[in-house]
Structures are given as structure tokens and as C-alpha cells.
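As C-alpha cells, the structure follows; a few thoughts come after it.
Letters A, B, C and D mark the chains in the order given here, with residues in each chain numbered from 1 onward.
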Amino acid sequence: MGSIFGTLFRVSTWGESHGAAVGVVVDGVPAGLPLEMEEVQAFLDRRKPGQSRYASARAEDDRVEILSGIFEGQTTGTPISMMVRNADHRSADYSHIQHIFRPGHADYTFWQKYGIRDYRGGGRSSARETIGRVAGGAIAAKLLEEMGMDFLTYTKSIGPHEIFHIHPEEIAENPLNMPDKGAAEKAMAYIEEAMRDSDSVGGVVECRVNGLPVGLGENVFEKLDARLAEAMLSIGAAKGFEIGAGFEAAGLRGSIDNDAFKAEDGRVQKNTNYSGGVLGGMSDGSELVFRVAFKPTPSIAREQSTITTELENTTISIHGRHDPVIVPRAVVVVESMAALVLADLLLLNATARMEWLHRIYDPGRTE
Amino acid sequence: MGSIFGTLFRVSTWGESHGAAVGVVVDGVPAGLPLEMEEVQAFLDRRKPGQSRYASARAEDDRVEILSGIFEGQTTGTPISMMVRNADHRSADYSHIQHIFRPGHADYTFWQKYGIRDYRGGGRSSARETIGRVAGGAIAAKLLEEMGMDFLTYTKSIGPHEIFHIHPEEIAENPLNMPDKGAAEKAMAYIEEAMRDSDSVGGVVECRVNGLPVGLGENVFEKLDARLAEAMLSIGAAKGFEIGAGFEAAGLRGSIDNDAFKAEDGRVQKNTNYSGGVLGGMSDGSELVFRVAFKPTPSIAREQSTITTELENTTISIHGRHDPVIVPRAVVVVESMAALVLADLLLLNATARMEWLHRIYDPGRTE
Amino acid sequence: MGSIFGTLFRVSTWGESHGAAVGVVVDGVPAGLPLEMEEVQAFLDRRKPGQSRYASARAEDDRVEILSGIFEGQTTGTPISMMVRNADHRSADYSHIQHIFRPGHADYTFWQKYGIRDYRGGGRSSARETIGRVAGGAIAAKLLEEMGMDFLTYTKSIGPHEIFHIHPEEIAENPLNMPDKGAAEKAMAYIEEAMRDSDSVGGVVECRVNGLPVGLGENVFEKLDARLAEAMLSIGAAKGFEIGAGFEAAGLRGSIDNDAFKAEDGRVQKNTNYSGGVLGGMSDGSELVFRVAFKPTPSIAREQSTITTELENTTISIHGRHDPVIVPRAVVVVESMAALVLADLLLLNATARMEWLHRIYDPGRTE
Amino acid sequence: MGSIFGTLFRVSTWGESHGAAVGVVVDGVPAGLPLEMEEVQAFLDRRKPGQSRYASARAEDDRVEILSGIFEGQTTGTPISMMVRNADHRSADYSHIQHIFRPGHADYTFWQKYGIRDYRGGGRSSARETIGRVAGGAIAAKLLEEMGMDFLTYTKSIGPHEIFHIHPEEIAENPLNMPDKGAAEKAMAYIEEAMRDSDSVGGVVECRVNGLPVGLGENVFEKLDARLAEAMLSIGAAKGFEIGAGFEAAGLRGSIDNDAFKAEDGRVQKNTNYSGGVLGGMSDGSELVFRVAFKPTPSIAREQSTITTELENTTISIHGRHDPVIVPRAVVVVESMAALVLADLLLLNATARMEWLHRIYDPGRTE
């Protein structure tokens, strides 16, 4: 189990890398949201491989089919089922790893947990699994856009090469989705070097969301930052999450980290945003800012020591189509998961006050 | 909402800092677990303030009362309700903050979300809320201990002062719960300096768990690391989570980070543990290692700029009983939340295979 | 597990008949609901035993204590914890059933499931468990009242004696909570006869709710009638549930059962209400009407054949304080569970439409 | 929302009558269950219409496609996605009801709830929605069969015509799925009469399950009978649920209803089974017996009064393909929903005892 995410806005994803298809069912979308298939497709296209030499050459077309829940261009309140066929099966590629556990992959743990595993292309733990997340995230993002929120998500660093500035228009101009083309060039050279060594590299994705109402996030366990952390660590290869000042906050003084409030023209402001837009687990009206660390792609052509399913020592070299870095393609996955969390919390928050119930059920009443 | 955590092993916490009591209901504990009140009390005593000059002087006795679910020294499979009375009410202390939002606290967001807030001592967002987590965590930890797991949790760093070695016996020998008394001394000097400035500091907690069976964690969304990340970020003042190499993994090469497998005497080993004990979101049989970053205590005596509930600019100095650093008391909270996650995943994993169902329901059957 | 009910408006009940206390935590109550302890107490008083010779003589005072979640007479959006101490322990009464399974009770099944059981007074399966439901239901009912709904719940029949009319004012005038005092008199004679035989009887409770907005209930699985059915069958001794025409609908023709619509003064009406106020699992704006069948009290003084925990045949006569009929005291439990379901569905429904989200988040916007 | 059912064994259904397809995702199926597509197809074939003149003539082929979660003939522990294309679209049939609410249908409530509705063939509230339930139920039933349980489900009555005996082999010999061909003949005459009047009829389905281990069902809210009641009332047109003696229990004496225990050859027996196999909400080892009442098909050719979406009075006659009775086709839906409940409770029960955890995690340990 484990393939359902959310309380009110819920996605149920399914599918293996080399099965017939991958997909998602999205339940709990409010009725009356305008939605076109092309809006979902645009999100999926952002995770498409084969767009550069830093991404795997697998010829994925990944056309989404919407099977239910939309009528005359609008959501109807019923589940939205979406599917992408797995067109490019090459199961033969994987027969040689049937009896070997690839280091850094889920092969060993799936085998121990279930006693059976679909070894073809990583099966359920393949990056193709994220198609369901991204298709669902596209709908969540559309909902949030309607409610006035917008996202800016990008590669913050690859290995040691970090951006110095954020120029959103530069994100699409380099294959790494970095908003700083100078940093992107250095990062590309760094990746090239790893590729020459038949090796792979990691990096960090950063996400910024503006326009959140104050108060998203529930008290104690379902805090906004807690739900985001869970969502991000659920992405394959993610190893860390931080919000606002994050790990650096551990080195700050309270007098700095506290983000003093001020009022300007009747609006609440903060001079700084070390909190990253969250106070007490709820959105505080500032920009939401968080980062996710990704490890290097575990599939490398370099020879590695490992073991067989019979627990014999052996070596493996993983050839074929594998990205030398996951990070650029993870950008849209991070954004999708953030959208799923925010959409869910936006719906949960709608019942926080009696006066809001009255607005819905007795719209004529004066509060 | 938001005060229920877990799918099978579920805690439902409640209580405000200055209400009548705080507590927790733990549902889903398997029957037949030996449990004494003193085992829960021992956990609560680890979060007790007033143990040093680095912790607030509030005279909390915090005696737990077990109200249900235990019969003749064993769990019965029914909910275990536990409660700690709030003995040391000093509500008057807080009247001056009734109309002011403390920077770095949840005052502003609670007020905007709910339109009403119990301003006395932080109400629901007070650190006293963690009593429910720790009481529940004590039971989870007892269950895990019975199943062969053990925890080592400690302060890894305070500000820039990080431990160099891990000597478990030193943890209890310093008020900071550091397993390196040399580092603890430097950290104490660092805290003293901040206290002289009426300021506060942050730090990092590290948790290590041994003895996990392979396979804890569900695929896709309910991964072990995802659930841990959510649990940790749900702790007040937590700003970051990382597992294994964490953010450093972003700077490693795949050939290093992959933790090559080897077989020794029929047992699976890894030479390194950059993964932190998790592969594909499931425990891999290695030591589970993760870290949580905590920001400085937001309550400081130093004057800070802020606003009133009428959105007028003002200043505030927070006097009274406040720890200059949260980290040492957060150690047992981190351990408790980790225990809650692991207990839940241990139960969830029990139905992963048909052959395990047969072991339960047809114990005589040969698999 | 199993002691948590609801998705947004959630109760977590706990406690055994002869433990220290019984109680409930209610999470998800919107902030700003006025609530006094006496309103909860009034609900609890309706289930109080010892009010007539048809109810057990146990001297339960059952004073509720509210431990959290209320501030200055209003809900705050945080969990509301409520507790009733078990004052009248007489554990010695039950030692003779320690090794015997009472027919019609949960003794045997608890023992087989958990391998341990708190045999004192039924433990968790005692009717005292309903205190948590009723305390939680009182809050749900208050919320619904604020939103314009009202309940009428009563004993419809005891054995073969069914009411002929519904005069609400007569409900409190007889110890059976029947709205027809003539029927109540016959029912009392029927109960007396059973008591002379050291036996017990059953009956049916009916609940009517008016003022529901159209559309409560979610599609497919979380239908209003499905959630009510679950709630009602979760009450001890309940054996059947029906809504509207119920089992009689199986004998009707479609042309009768369909409840033709008509419009009067711009309002939608139905000439009949065979549906019981639910169409397609959602409230249709008519009166909600459903019934719950209760079996006879299983505790009887008459000698019954049964077995011991060692699986030896024996007999048992259950003396002590036991109601000869459960039904009158079940009335408030039925109403409480219905209130919990309706409050939950009222909150769930609040996010069914985009336009309602706009009413909450952009109140100035013209739809 | 509302389209997800279950805690561990979870189905997520989707699809409208006249959309592209209908389907289900089943999450939480233990790995290692042998499963062939034909086993699912066999269940779906049992709900196939067009098998007699008492069922609608729609030429549904309803071939299921399994899209994920099965590898080499076994479940893998990952979600199983199944889909049936909607081949026989005749959307034009429904344009005339676009602006009219059919009595007894969900048209009015969906429209009021969501403000938009897919009026073609009932959309989400069509009986085609049950395809997802039945496909999921087929897998649950396979799991239960492996664990030693078996089902007998049939039409108990149509209108006033009830079976006198249960001869399982007769079920497939008449189009009404009655285990008594004499009763079936009378019921057919009764249906014919209604058809001549352009009317419809209702009836009752009964389900019997044998081989349950003792203890399925959780305490308080997630009782076996409560979960079954919810599952059954979630089926369109269901109006009542009863278990064991059901509503008749309200007329019995405790001394009869209690089902005295006896021990024979070390096995626990009951002379009677008024309980229907459930005590205290848990399976008691006897046959599980429950009934579900279904109202007459709401679609009838007879003219009925109703209203338009503009709230004007009008009349409607519903022609086209409509069963004069739902009951025979509901039999497999009842069985499927029961299987989903039992599979979920079987998995939930697996963690009820510490000793069972030891059986899984320390199989060598002596209990």
C-alpha cells in the first residue's frame, strides 16, 4: 500500500515502468474548475526525458488521456482518472538484472518486503511513477492558480555549482532548469566530467510559492511544512528538505531568525523571511520557500560491487538510458507535490471557522 | 484539525499550555504488550524542564496518569488514554501578549486562521503540546524494543559547535544531551554568550535506530523517510530534515553515494551508509540515521519590533521562563516521533505478503 | 484499533467500564462555535441510567469535564478533550465471569481476538463506552443547530408495541422515550412481563432530522445513508438499519416509491418521502428519517448454557444492575451518532464547489 | 470526493456511465496472491446485463484490462489498476433529460451539490459505477478464498415472493439468482405484471460467508457489522441492512436471541445464530449472514410528475434500456462489497496481538 496521498484532495497513483500504463485517480477536486487536457499535458511535458543530452534518450511520448470527471470543460466533483500508456517497452533490457540488486536502488528492499519484484526498469520505483504525481499536480496547480497562487520552481544547485541570481526567464533557456545561465554553464561542465567517468551527480531544487492566504496548515501534525516535507521525501532520490533558513537556522540567533513583524498600509509585513513563509506550521502570508536535496542518479555505467538474489558477491555495470543527473527533471515533480499539498490544505482550511460555514450555507447572513 | 497521527498505530493528542491538562489517546496498540506507567513517565522525564540553567524554570511535575487500555500490566488492544495535569498555571503572565503577535511564534497565524486564539503561553502551539507525543512515543518505543529495535538520539550541534565523537554514556552527563562532552562545553559557552545578549540559539538533533527489519516503509507516498520527514517537521521550531548523507548527497558522485552491497556469511552488508538506512523508501537493514534542524527559541527578552492585533506597530520583550535553546529538550521529542512512525510502519508492513497472513491465520501450514 | 470516527469532524473515544474514566477527543470542530459544558452535560444526562425501574440502578453521576479546546466560551479550532470519571467501581461484581463467556456479549470474540480481556463489566464493549460518543455528539449537534438543523429521536417500538402517533412532548413523559404514551403503557407492561421471567426485550429507535441543506453526502462510498448505517451498526446491540421506506421499499412499485417532485413557490417539494430524505446518497432537502433495530439486552438473570475459557460447558445467570431493555437509553446515542455523521458531511461538503472556495477566500468577488 | 473505500485494502473507483471508461485502483493487496485476469472477468460477467428479459438490453461487453500490479501471475504489493472501456455510448439518448430531474434518481441532488452534472445516463451515479466495485471485489474474494472463506449470495425475495429453501445449484438456473426455483417462478410472474404496467419492483439480497476466523472487526466504530452496513448502503438503491435476526431481533426475548454457547470436541459452537455471526462487532466463528433491501428501479416508462432545472412542473416517461428490477444484478455487487470489507478487516486484524507480530518478524521464536 502507500499509493494514496491527501485527505480531501486525494491522488491515487498506479503503474510500473514496464507495465501497460501508468496513471492516477484524483478524487476531491471541487466542481466547476475549468480544465483542459492540454493543461495537464503541459505539466507532463516538463518532465519529459530526451530533451537534452543530460536526460535519458528514452523516446517517451507520454500523451495523457483523461478518462473521467470532466464534462464540458469543467470538473464535475467526481474522480478524474488519467492514464499514460507505456509505449516504449524494452523488457529485454532488464533481464540481466533479474537476479542482481542494483546499489542505490530499491531492488533489494522490494524483494525483501514483498518476496517478488517486477525487476523490469525498476517497476513501481521507477521515475515513471512520477507521471501520476505530475498529472495530479497539474490539476492541483490549476486550482491554486484560480485561487491566486503562483509557483516558481527551479534547480538551485548541481553539485557545488549554485545559482547566484534568480532570473525566471533563464529557467527554460538551459537544459538544467537553472534561473542563472552562468551557474548552469558551470554545472553542465561538472556533469560532463562525471559522464566521462561513467558517473552521476546530484543537486538541490528550490520552490517558491506566492499568493497563499494566511493560515494554510493544520495544528500539531498536519502542519504545512510537515506535509511538504513528507511530500518531498516521498520523491525518489530525495534525501533532505528544508524550509526558509532551514539547516542554517540552527546557526542563527533568535533575534535575527524571528522575522520582526511590521504593519504598512494596514498590511502585515516582515522585513526578513527566515521562516520561509510558515509560522507554527501555517502559512504566514509571506513567500513560501523550501528546498529539496537529491542524491546522484543511482544507475551508473561504472562497475560497482553488489550481490545476487542468492546472496553471492558480484559486480554490475548499468548501461542503457539513464540521466547523469535527476535534478532538472525533478523540478516539475517538486512543484506538483507542493501543489498537491497546498490544494489539500486549502480545502482543509475551508472549515476552520464557523463564519466560513455560514458564508457557504447562509450566504445572505450578515456575519 | 490535524491532531491525529498514524494509520494503524494512531495518536490523538490534545491540550493547551494553560488549559486543565494535556494528553493523548493511543489507538491501535497490539494486545499483549507489557507496559508500566513508569515506562511512560521515564520518557516524559527526559523532556522535563528545569533540569539546568539552559532550560526554563517552570516547575513542571508532569506526572502521567494512564486512564484506559491497560489491564494487569498489559495492553488490551483498546485505546490507551494518558493525561498530564497542567499544575503550574500562571495565566496572568500572558495577559500583556493578548493583543500582540510575538515574532517567530504562531500567534499571528492562529489568529488569522481561527479568528480566536488562546493566547496564554502559546495555547496549542506551546511546547507543552509535545507531552502527548512523548507519552505516545514511549509506548511505541516499548513496542519497538520488544521487536528488537533500539534508539540513540542526541544533540549533534548547537550553533557552530558540533560533536566529534559519539560516546553514548556522555549524553546524560551534560545538560545539552551531547554525546561529546568537549563539544558540549563549547556549546555551553556559546549559549551563555547568547543569554548575556538576551538572545537564543538553535541546533541539530541526530537520531540513530538499529535493529529494523528490512522493508519498513510503503511504496510511493508512505515511504519511511517521507513519514519521518513529516513527523519531524511537525515538531515546533523544526526547519529541516535530512536522512543519511542528506544535503551533502547533492554534492556526491553516484559511485560514492550508492553504498555497494556485499554478502558476508549469508548476510547482506554495505561498506558505507550514505543512504542512512533507507532504499526506495524502505528500511534496508542498515542503521537508520537522520537529522533535524531546530531554529533558535523565538521567545527572547531582547526588544523586537512587532504589531498588535489592531495592526499597529509596537515592540515586545518577552520575559519569564524560556529556554535559550530548544534542542536538548527536543531530543526525546524527535525520538518519540520516530518511534511513532516506525511502530506504524511495522504494523503496516505486517500485511505485505500472503505468506505472512498464513503465518497468522494458519500457523500450522507449511509455507 | 477502531476507536476513531470521521474524516474532518473526528472523535477519538476511549475507556473501559471499570477503568479510571471514559472520554473522547473531538478534533476538527470549527473555531467560533459557542459551547458551554452544560450543553454537553445535558446530552449525557439523557443517557443516564437509574432514571426508572427499566434502567439499571447503577448510581452514575457522569459529570463531564472539558479539558481543552474551549476558550472564553467558544471553540478555538483545537481538539476538545472531555472525560467522565468512573466513580462507581465494583470490580468484585465481575470476578465470577472472569472465566466464563456471557452469551450475546463480546466476551468470547474479544478473548479470541486479543488473547486478553478486561472482563470487568464488559470492559471496552460496555455501554459506558457510549459516553464518549454522546459527549462528542453533543458538540456536533450544537454545530448543526447553529446551521439550522434539528433532531427528533425517540423509541418507535418495544417488542411488538409500536407508536401510532408522534407527539414530541410525550417523549419525556414516559421512561421509554416514546412519543405516544398509549403505546408506552403497553410497552411497559410487555417489559414487566419479561422482567418477571428474568428476561429482556428489544425495540426500534427512529430519528428524524430537519433543516438539512441539499447535497450532504459524497458520491459512491461516503453516501449519507452509508455513513449513517455504519454509525448506527457501530452501536452495541444494533442489528439493523433502514432509511425511508427501508425494507418495505423492497415490496413497493417504482411508481410509488419514486417520490414525484413538484415545484411550489420556487421551492422543490416531494408529495411523499419514501426516500427518507436521501437521493443518490445525498440529502434531498426533505426530512431525513431512519430507524435502528436493537436486540434484547444480552445480560439476563435467567440461566443460560455457555462455556468457560477452558472450553468446558457450564451455565450462567447474570445478576446485578442490567436494563431489561436497551432501547430508551439508546435514543440519545442514535441521535449523537447521527449528529457526528451530519457534522462531518457538512464540513466535507463545504469544498464541493469552486464558487464556495471563492466565497471563503475572496469574499468580495462577485460569483 | 468519496470514491475511496477501505483502510488497508483500499479501492479507488472512478468513471461515469458515458465517459471513456470506468475503473478501479486497488491498493494494499498483499504480494504473492495468484491472480488471473479471467478471475476478475468472471466476477464482472455476473453483473452483465442483457442476460435475460428482466435486465436491460444494453450490449455491454465489459472486458476488463489489468494495467498494473500483477507480474508473472501474482500480485506484487503495488496498486492494481483495472479498466473497462465504455463501448456502447449513446449519449443522444439522454439529451431529453438534460433539463429534467428524474424522480428517485440522483439528478437533483448532484445538481444542487456540484452546480454541474454529467446528465448522460446518470453519470457517476449510474449502475455502471459498480464495475469498479466488482473488479476490486473479485480480488478481495480471491484473497479470502485463499484464506479459507467462501460466499453464498443470492436473491432472497422479489416483492412479496421470498425463497423457502436454499439450493445453491438453483441460483444459476433462473435469471433472478434465487436459490429456490419455485419462488423464482412466482417472482418472474410478479415482475412481468409490473412490466405490463410500465413499472418496476424491488427485493432483498442475502449473503452468507463461511470460514471466517474469530475476531474480524475492530472495537467501537470499525465493527464488522458497521463496516458491512456502510458498504451495503453505499450501493445505489439500497435502503436497508440487517444482520442475523436483524429487525426481528427487536421482537425477541434475550433468552432466545442470545445464542447459547456450547463446546463440542474442543470447538466452540452455538445452537442458534440469531447474531448472524457477529458478537460485539467481531466475527464469532459462525456463519456470517446479512440482508440488503433494494428499492424498485427508479427508471420507469410510466409517466411521472417532476420538475425542470428551472423549477417548472412537468412530466417524464423514461424509455430505453432499464431493468424492471435491480436485485438480480445487485447480487454480485453485494458479494463484492462484502469481500472488500472482509479483506480489509482481515488485514487490520493481523496486528491485533503482539504474538502475531512475533510470528511475522521472528518466525523462529517460540511463543
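Keep this in mind: contacts are C-beta pairs under 8 Å (C-beta built on N, C-alpha and C of every residue); 3 or more make two chains touch, one makes a residue touch a chain.
What you are looking at is a predicted structure, and each value in this text was computed from that prediction instead of being measured.
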Chain located farthest away, centre of chain C as origin (C-alpha): A
Fitted rotation between chain A and its twin chain D in degrees, CA, nearest 5: 180
Which of B-C and C-D has more C-beta contact pairs: C-D
Shared interface numbering between chain B and chain A [over half = same, under half = different]: same
Centroid distance [mean C-alpha coordinates] between chain C and chain B, Å: 37
Averaged-CA centre spacing for the pair chain D and chain C, given as whole angstrom: 25
In chain A, residues with contacts to at least two other chains: 1-4, 8, 13, 28, 31-32, 77-78, 110, 113-115, 124, 219, 348, 352-353, 355
Chain D to chain A touching residues, read off their complex: 1-4, 8, 10, 12-16, 19-23, 25, 27-28, 31-32, 65-69, 71-72, 74, 76-81, 83, 110, 113-118, 123-124
Of all residues in chain D, those that touch chain B in their complex: 7-8, 28, 30-33, 77-78, 143, 146-148, 213, 219, 346-348, 350-363
Chain B - residues contacting chain A, complex: 1-5, 13, 101, 103-110, 112-115, 124-125, 129, 157, 159-160, 194, 197, 199-204, 214-215, 217-223, 225-234, 236, 238-247, 249-255, 257-263, 266-268, 274-276, 279-285, 293-300, 302, 304-307, 311-313, 348-349, 352-353, 355
